[in-house]
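The structure under discussion appears below in the form of structure tokens.
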Amino acid sequence: MKKFIWLITFGVLLIGLSACGSADDATADSGDEELADELYFFNWGGYGDEAIIKDFEEKYGVKVIYDTFSSNQEMLTKLNKANVPYDIVVPTDYIVERMIKQGLLAELDMDNIPNFKNIEEKFQKPEYDPGTDGKKYSVPYMYGTEGIAYNETKVEKPTSYEDLWNPKYKGHVTIQNDSRESLTMALQKLGYDANKPNEKNLKEAKQALIDLNPNILKYSSEPDADLVNGTAWISHTYNDSAARAYKENPNIKFVMPEEGGTIWVDNLVIPKTSKQKYTAEVFINFVLSAKVSAKLSENTPSSNPNEAAKELMSGELKNNPNSYPSIPESAVYYKDLKPEQLQMMNRTWQEVRAK
Amino acid sequence: MRVKTKRILFVYSMLVFLFFYIPMIVLMIFSFNDSKLGTVWTGFTFDWYFKLIHDEQIINALKNSIIVTMITTLIASILGTLAALAIHRYKFFGKQVVNFLFYIPVVIPDIVVGVALLAIYGWLHVTLGVPTVIPGHVVITTSYVMLVVVARLYGFDSSLEEAAKDLGANSWQTFWKVTFPLIFPGVLAGALMAFTISLDEFVIAFFNTGPGSGTLPVLIYSMVRKGVSPEINALSTIMIFFIVIMVLVVGKRMTQTKK
Amino acid sequence: MIKNIKLAYSLLSPSMLWLLLFLVIPVAMIVVISFTVSDGYGGTIYEFSLSSYKLAFSSFYLKIIWQSVLWAFAASVICLVMAYPFAYFIARVDKGKNILLFLVMIPFWSNLVVRLYSWNALLNDGGVINNILMHFGIISEPVKMLYTSFAIIVGLVYGFLPFMILPIYSSIEQLDKSYLEAAEDLGANPVKTFFRVTLPLTLPGIIAGFIMTFVPAISVFVVADLLGGNKLVMVGNVIRDSFLVEMNWQLGAALSILLMVLVLLSVLLFMKFTSSKDKKFLF
């Protein structure tokens, strides 16, 4: 009996050790210009990029190990705490800015990414990674905006965030379920700078959102289904959510508010911990080629910053009005804020929800 | 039991079954729904089943889930049953501590286990993968196995064991011939519980998986932002039918051996 | 007897070792983290501080915790009411017991997220239930069910019912029938027999079931995610958000410990109300 038990204990420990063992044997590759066998790719869930990954695997004989996340914070947590040598991750613009600041990203060798020329010029030198002093850390993958999605059979065409407060829409409004995004919307509605939250203007934003409460159906960052089935009439959301909803129900339209709204860009970057930078750059270049990028757009309604790819897209894709809404000059990018500001926003948002 | 009571019980139980199965039926129906955003019916299609077969990501997640669940169930059943025997049978120094230790996983939110393990793995530079999910799953399931087996032992007539010993059986024989068959339903119930918890467990798996090692619940959760694909409904439908067939086969064999 | 004690220790050592390595030590680390300072980006500054506990004890979090306790308790009571007669039926059925048990488990081998999505389709304004009720003229306008406390309780009951059924079933199944016969021979009527004999003897199963339902129900966050519309949140949601959205491990750790202590206390309190005999089973 005793022996039997010790045997189990032993087996148990073995499993534990086998998990640890693999940690130390990987010594860093020198980054030679040779393709590695495997590539770790960590992307947002639901981009539908399985098809292009398969094409890459076939063309270059590199196995892509693909993993998905559902928020920037989740990606950062995994990257910082989990000791996984991801080769490519996909942070949003202001997170790129933070990661550069914290020294988490490897500088890209743009000679390996000639297809970067396919990217629309306005996305080539964004504020969050301007590429000054010749250092470039990120390449845009997909972009989109935050504005108002609405069901044209239920509401009049909205022009401003103000319309969400219309008492006629009681119980049929959704806004983003995110402290930063929802409070920024309220700040914009009140006429404040989206990237300068402080105690005073957040207090006003909080009151505005509390006033909105009777109208709220739910706080959601994916209101697509509710829009399609008619439960939600008007939503503060992303244009790609609206584009997905449009495919199911053509009455769902999207418009940018006159306050400006926001723009986001998801970017391909290489963490410093990557052991096969060259292969990662080859992958990035592959994704940026016009044909591949156009194929990617077939599976995701997000806006594609790849100009060359747009020419290859089918009419159906280009004709989804919500994928490429007209963006006003006043639309802004999120900037990375100070931790105190973020904490203040989190607290304020919790107080809104607790009402 | 009186016939009337029996009838009421029967009707009541059927209603509970209805509660169990109506959402399942809805789930299955939506696996044939033409719409990608599955809360309204738009038309009939088999597409999701074809897409599913070719979806490497889902197949891979399913494989990971099966590995994690099987190993977890095995380890938890053994550890839990052994512990239950000791706890029920013997008085020993530190029993309070042992009991307390087994209650921690029951009263601790899963998210704490997941995060705490992530902190430890990070600290020890362990690379995350399928094996790193298993320790957490065993932690949360072992106590359940132990509880169920102890509940079984509680009404267990120890005179049977004494009788076996009086008849000259040694401890080993007594265990396998008398004790184990009697507690087996408890062990089975415990194992079933561990299996169910582990297969559906999301939080710990979420924090403790690495690239390519995400389990099915982790994959599904990551889809939430851009809409859960009806492929998942299709997969659930297939899994349910697979398990039903398995149950029928095992059930038949069990009744046969009983005879 | 000494030999037996050795045996007891060796029976226990594998599980104790496992729990020590993968539970006690990691949780101790979380306790340490809860007393440190956050750098605002998910990192830790190792300075002693009670600031995260101050935040955790703010009225916002206490309100959510209280709300979660109420929901989880209501769900557990409903589970008990549904599960007991059901488990009794299965335990006393003449044949096909195993098949019935498996039928209980089958829905739970598909994913919780997917199952809750189905409830979304059942409960929404244009959903199955509203349509049926309107079709038969019972109601004239859709009843708002989704994103209400009702939806959350339905989700909790649906999610954790088997954890109530299984232990109760197990305790009824092993109930010695001779006690019941004895009671009847002594002239007790069935109702009396049930309350005086059956119920007390199956109490351990009920307690186990209650704990196994209440505890996961209080900390789950997927239910509120899918059926509460983020307007209604449970303590599991705010803990998850502290770790993953706010990237404040200190707050998440402090809230987790608060919840852990609360659940532990309520389990102890719950056991205090049951007889000493049943306590033996638990501790």
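All chains are identified by letter, namely A, B and C, in their written order; residue positions are counted from 1 within each chain.
Convention: a contact is a pair of C-beta atoms (placed from the backbone, for glycine too) under 8 Å apart; a residue touches a chain by one contact, two chains touch by 3 or more.
Which protein is which chain? UniProt says A = Spermidine/putrescine ABC transporter substrate-binding protein; B = ABC transmembrane type-1 domain-containing protein; C = Spermidine/putrescine ABC transporter permease.
Please read these numbers as outputs of a predicted model, since none were measured by experiment.
Between A-B and B-C, more contacting C-beta pairs join the chains of B-C. Taking the CA centroid of subunit B as reference, the farthest chain centroid is that of A. Taking each chain's centre as the average of its CA atoms, subunit A and subunit B sit 34 Å apart. Rounded to whole angstrom units, the spacing between the C-alpha centres of subunit B and subunit C is 15.
Among the residues of subunit C, those touching two or more other chains are numbered 7, 11, 14, 18, 21, 120, 124, 126, 243.
Taken residue by residue, subunit B touches two or more other chains at 38-40, 75, 78-79, 82, 119, 135, 221, 224, whereas all remaining positions touch fewer. Counting partner chains per residue, subunit A shows two or more touched chains at residues 1, 5, 8, 12, 16, 71, 77, 81, 225, 229. Residues 7, 10-11, 13-14, 17-18, 21, 38-43, 60, 63-64, 120, 124-126, 144, 146-147, 229-231, 233, 238, 243-248 of subunit C are the ones that touch subunit A when the two sit in their complex. Listing the residues of subunit B that touch subunit A in their complex gives 35-40, 42, 55-57, 71, 75, 78-79, 82, 118-119, 121-122, 124-129, 131-132, 134-135, 171-172, 175, 209-212, 214, 219, 221-227.
The touching residues of subunit C, counted against subunit B in their complex, run 4-5, 7-9, 11-12, 14-16, 18-19, 21-27, 29-30, 33, 82-83, 85-86, 88-90, 92, 98-99, 101-115, 117-122, 124, 126-128, 158, 161-163, 166-167, 169-171, 173-176, 190, 201, 204-205, 208, 211-212, 215-216, 218-219, 221-222, 225, 235-236, 239-240, 243, 249, 252-253, 256-257, 259-260, 263-264, 267, 281-283.
Subunit B makes touch with subunit C in their complex at residues 1-2, 5, 9-10, 12-13, 16-17, 19-24, 26-27, 30, 38-40, 75, 78-80, 82-83, 85-87, 89-90, 92-93, 96, 98-113, 115-117, 119-120, 123, 135-136, 138-139, 142, 144, 146-148, 150-152, 154-156, 185-186, 189, 192-193, 196, 199-200, 202-203, 216-217, 220-221, 224, 228, 232-233, 236, 239-240, 243-244, 247, 251, 254. Within the complex formed with subunit B, the subunit A residues making contact are 1, 5, 8, 12, 15-16, 18-20, 22-24, 40-42, 44-47, 50, 54, 65-71, 77, 81-84, 86, 221-222, 224-225, 228-229, 240, 244-245, 247-248, 300.
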